[in-house]
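In the two complexes that follow, chain A is the common piece, with chain B as its partner first and chain C second.
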Partner chain A sequence: MSKERIQISEALYDIMPSDYQDLVKSATYGKEDRGWKDIGTSKELIEQHSLCAGCPESMAFRYILASLPNPEDTVMVGSTGCTSLVFPMVAVHNIHSLFGNQNAIASGLKRALSVRFPDRVKDVVVLAGDGATVDIGLDMTLQAWFRQEKFTTICFDNELYANTGGQESGLMQKGFVAKMAPVGKLFDKVRLPEIARESGCHYVVNCTVSKPSLVEKVIRNAVHIAREIGPTYLQLYTPCILEIGKNSMEGLQEMRDSEKPTERFAYKEYVSEPAKQLLTELAAKDKERKAAAKQLAGQASA
Partner chain B sequence: MSDYRVLPGPEHFLPPAAASMGIRLPNPGEAHINGVIAPEEKAYEEAARQFLMAKVPTIFPGPLVLWAWNEKAAKKATAIRHLFNTLKECVQAGQKPMLIPMPDYRPKYPKINPEVEINPNHPNLTIWHNKIDCCIFIGVHCHQANLSLKIIRGGTSCYTIAMCAQAGHEDAMLSFRDASVDKIMRLADTVKRLKGTVQPRLSTAKSGASN
Partner chain C sequence: MAEIKSVIGTQNKKGQTYTDTWKMMNEAPRTPSFYTGSEVIKEAIRRASCDVMIAYPITPQSEAAALIGELFAEGYIGDYFRGESEFAVMSQCAGAAFGGARVFTTTAGPGTMRAMENFPMWAGARLPIQMIVTCRGINSPLSIQPDTLEIAYLLNTGMLVWHAETAQDFFDWILKGYIVSEEPDVHLPLALCCDGFFVTHTKDVVNLTPADMCLPPYDPYRSPVPCMDMECPPVRMMRDPFVMKSNYISYATHASWQQEIWAAIERSRKHSIHWLNGLIDTENTDADIMIVASGTAVSQGREAIRLLEDEGVRCGLVKVKTLRPWPEEEIREATKNAKHIFVPEFNVTGWLAREIKATIPNHERVHAGPHVCGGMTMPPEIIVSEIKTALGMKSFSLAGRGS
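Coming up: the complex of A and B.
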């Protein structure tokens, strides 16, 4: 699929809201090396959203959508939470599942897409909060990994149930007191990245979204590995500034503070052996492609 | 045959699905007017009359025609533009035909801009804002059209027409079936033919949407 498939009818072009016209004119569908650097120069696949000012989740959303390698053939599966408010504004196919069901839905979807479109690459990406991934949906999350379902699971970890006022979640850090968890968390943050690795994920990353280039890299790796080898898991720290008592402009610093080497979101990556091999092959192909493009550009200018 | 009639509302917050009240869909070659099966020819005349009477007759094209999925869709879009241009030529001073797209079915937060689009989850916003008193849906998937038609009938006094590419809509006040380029053009021709024979509702203050 490419932009040729999504032309607006000429006779009705002028009445289409400008968001849709811009998507056709300048979005990055079909662009091989799309990435976060397109933000600001191309139409983003996310329109206005109703998340709070300065919300790190909105940053993460932008980077992820800019980094998907194949957005025109990607289906995202979301779950209840703040992300549900963004999905209606996203120009990528998406399904809103029941709370916690997202990995079960994605399993069926991925299999159905493989049958329906055997000759086309179709990516499925789950995007859910920590409550949906680790508490209510843990069963579905783990079972999908055990079955080696070929899709990426992204967890927006804000360490509590932010959307409903600040209840304790499994990924909350020990001792943290939230608005609706006044006693404080009594046990440690669930170590889902380690569980993911033991459950069969081929690529696992735990990080914050403070660095867009890093987010781009891990998203592309995760999607490519899921496409070819098996399940992948990304746990991204997207703090809820309201629930941890920060101001709009303090989200970025909160993430930077939390990714220091001794902190809980210090960059951690696990890559299985087959995935390592695939990444090496992809890097070599990418290098070749760039060299060819450079040569072509050189010939054109000569 | 059911005594229930599909009439302009506001009926009430949750109007019954017309099908549940015994309204049935027309057979090929037929249409329904207010839930009563009628010959298609009569429906063209009634639809054209409603357009020419309305203060703000409006066409709502949906994604099936807004996007050029195939040649047929592009041709339908051209026919819709022709219908709109015909309407503009045929109305009298004070009437304001509109062409407002339904580009998306997903609810938009915090809300849509009712001046430039209509959304099936709250079509009443666009109807109210623009004081639309007669509208036609073309190229909207049936389940979304049904949703919109029921909400409009529940909360507004707008007269609804459906130009359905499938079997028609019970919840519209007037519904064609098997929509095609020819049928859209035929409706435009009927509007042209009836030009000047219908008195617009301009003097009655109660035209347009109520809430």
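Coming up: the complex of A and C.
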């Protein structure tokens, strides 16, 4: 999409909703170095949402949307759950169809976009909860990776079924007492990051969303690698403060506590060899671009 | 305003000419060819300007699905792959259609049932995917034989449902089906059904349109809902998502959208009449006795009529071509003179007879049968026997029927 596509006819400008006017005026579509630092100074690609106050998922959503390298040509795929309450307020095209089929939808979508726009970049990013990714949709999650489908899969891991009221999920910790796990969960948290690596993902990260700069980095890497090489997987801890008995302001601390080196969300990363090479190339290009910009700025001030 | 150019008369990368569909289907020369039903599906798709086909093996559609892979290898289709299950395949089809592609797939029996959650989603999302259903048994113990019970489950999904009798129907309807289901005022998926094996695995003479002519490509920007390709403004869809809201606005939105899907099926009526030359075909509608059928039961009914004629019994025929939209008025009109209406079917429940009973006045005229199922064939003699028995005529006993 070129930015001209979202322009408003002058005659109709004043009757368009203010959030749309803001999108036209100050969203960051097409901005090459867009990132989390744009939050607060430009229009975000997410409007008001109906998540609980203080929900870490809402922070994750904002960081991710600020960090997508190419939102003007990105289509997102969601699934049923708390994320599906947010997607209607997101200013990139997004698809909700059924519960758990997100990686199948994304497979068809990415292929259709490749057939229709062979000479253009169209990124596809899946964003779904842990129930959708690991339980009901595991088959389609893995099969998309086996087939080397070129899109990014993001799992918001809150370690339970949040939207239906806190039932046991495959990514829940062993021993946690929850609905449908009345005597505590009897088996270990599914090790999807490791499975992702073995299933052919070229970039796998397991972390929390406590640091926006880190989220920005892994999102950019994941989207670029998926675009050029093959599937990528991010598992982001977005605790459900409601269901683990925390208050609105305690989400951030919960994430910080869980990312300590001995904890289950300590930063873990896997990068395949071709992906490493791509990241090196991208970093070199980035450096070149920054140097050129600096030189240009120097000339201008001279 | 962008310049609007017609692609009609231009060529695709395979050298086929995008042709006005009416001319291609009704005026272009036809070549008689001796093909299996599966090969006919391939030949139709060769001419259908398909962007994406997604395949999965299940008898009896596996051959057709694999043959379309050959078309992909030859360069006639944009992309093609084998999915991991019918549920996944139908979701992959949805993803491709959301992305603006013309999509084709095939399934059968248990595959149809496994994929079922997708079909109301396809309709609700207004995705004009075409799915061939080569019907087979869905019961346990395992059966791979012809049986049309699965069609009953498709009737309330919001999809268009057509039931082909012959391979010729198949060839023509695959191509015409895209045109009808992609109309902006329809824009719904089409389940194009046939009786597995009887149509897919038998050879027949089919008149094919020229191989160097193909349908105009699908234009996703004629869709009544936005194509998910970020080529149009990504406006926020709603202030509050309707899914979680327990309020009148939410219910009213869902209710009106469901009504809109069924209104779109109704609006497909005029296009289907135009392209299929009516929703039903009829013979001898002045007869006292009528056979009303769909699929290969029509062919068997036609044979039964010939046998009855030899015995001096005059009998008429209604071939039901579209089940959704349902040809209510047409069937009423065609059966208004009938004293007895027989509905032969290849399934145990008799869903077609139920639909007809719910449609016509004096429905005690409807004899729901004969039924065969589980892969049994339907010799015309059992239709004759059913009719003669109902009329109180002497009917010789059929082998194995114990009477």
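We adopt the following convention: the second predicted complex is superposed on the first by the 300 of 302 C-alpha atoms of A that agree within 3 Å, B and C clash if a C-alpha of one lies under 4 Å from a C-alpha of the other, contacts with A are read in each partner's own complex, and residues count from 1 in each chain.
The criterion applied here is as follows: contacts are C-beta pairs under 8 Å (C-beta built on N, C-alpha and C of every residue); 3 or more make two chains touch, one makes a residue touch a chain.
The structure presented is a predicted model; accordingly, all values stated were derived computationally and were not measured.
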Which of chain B and chain C A:S50 touches, first, second, both or neither: both
Touching partner for A:D139 - first (chain B), second (chain C), both, neither: second
Which of chain B and chain C A:P88 touches, first, second, both or neither: both
Which of chain B and chain C A:Q21 touches, first, second, both or neither: neither
Partner touching more residues of chain A, whether chain B or chain C: C
Touching partner for A:L12 - first (chain B), second (chain C), both, neither: first
Partner chain in contact with A:Q167 - chain B first, chain C second, else both or neither: neither
Common ground on chain A, meaning residues reached by chain C in one complex and by chain B in the other: 6, 17, 20, 50, 85, 87-89
List of chain C residues in touch with chain A within their complex: 51-52, 54, 78-79, 81, 83-85, 87-89, 91-101, 103, 117-118, 121, 125, 226, 228-241, 243-244
Sites on chain B touched by chain A in the complex: 61, 65-68, 73-74, 77-78, 80-81, 99-101, 103-104, 106-110, 113, 116-117
In the complex, chain A residues that touch chain B: 6-12, 15-17, 20, 49-50, 85, 87-89
Interfacial residue positions of chain A with respect to chain C in the complex: 1, 5-6, 17, 19-20, 47-48, 50, 72-75, 77, 84-85, 87-95, 97-98, 101, 104-117, 122, 139-140, 143, 147
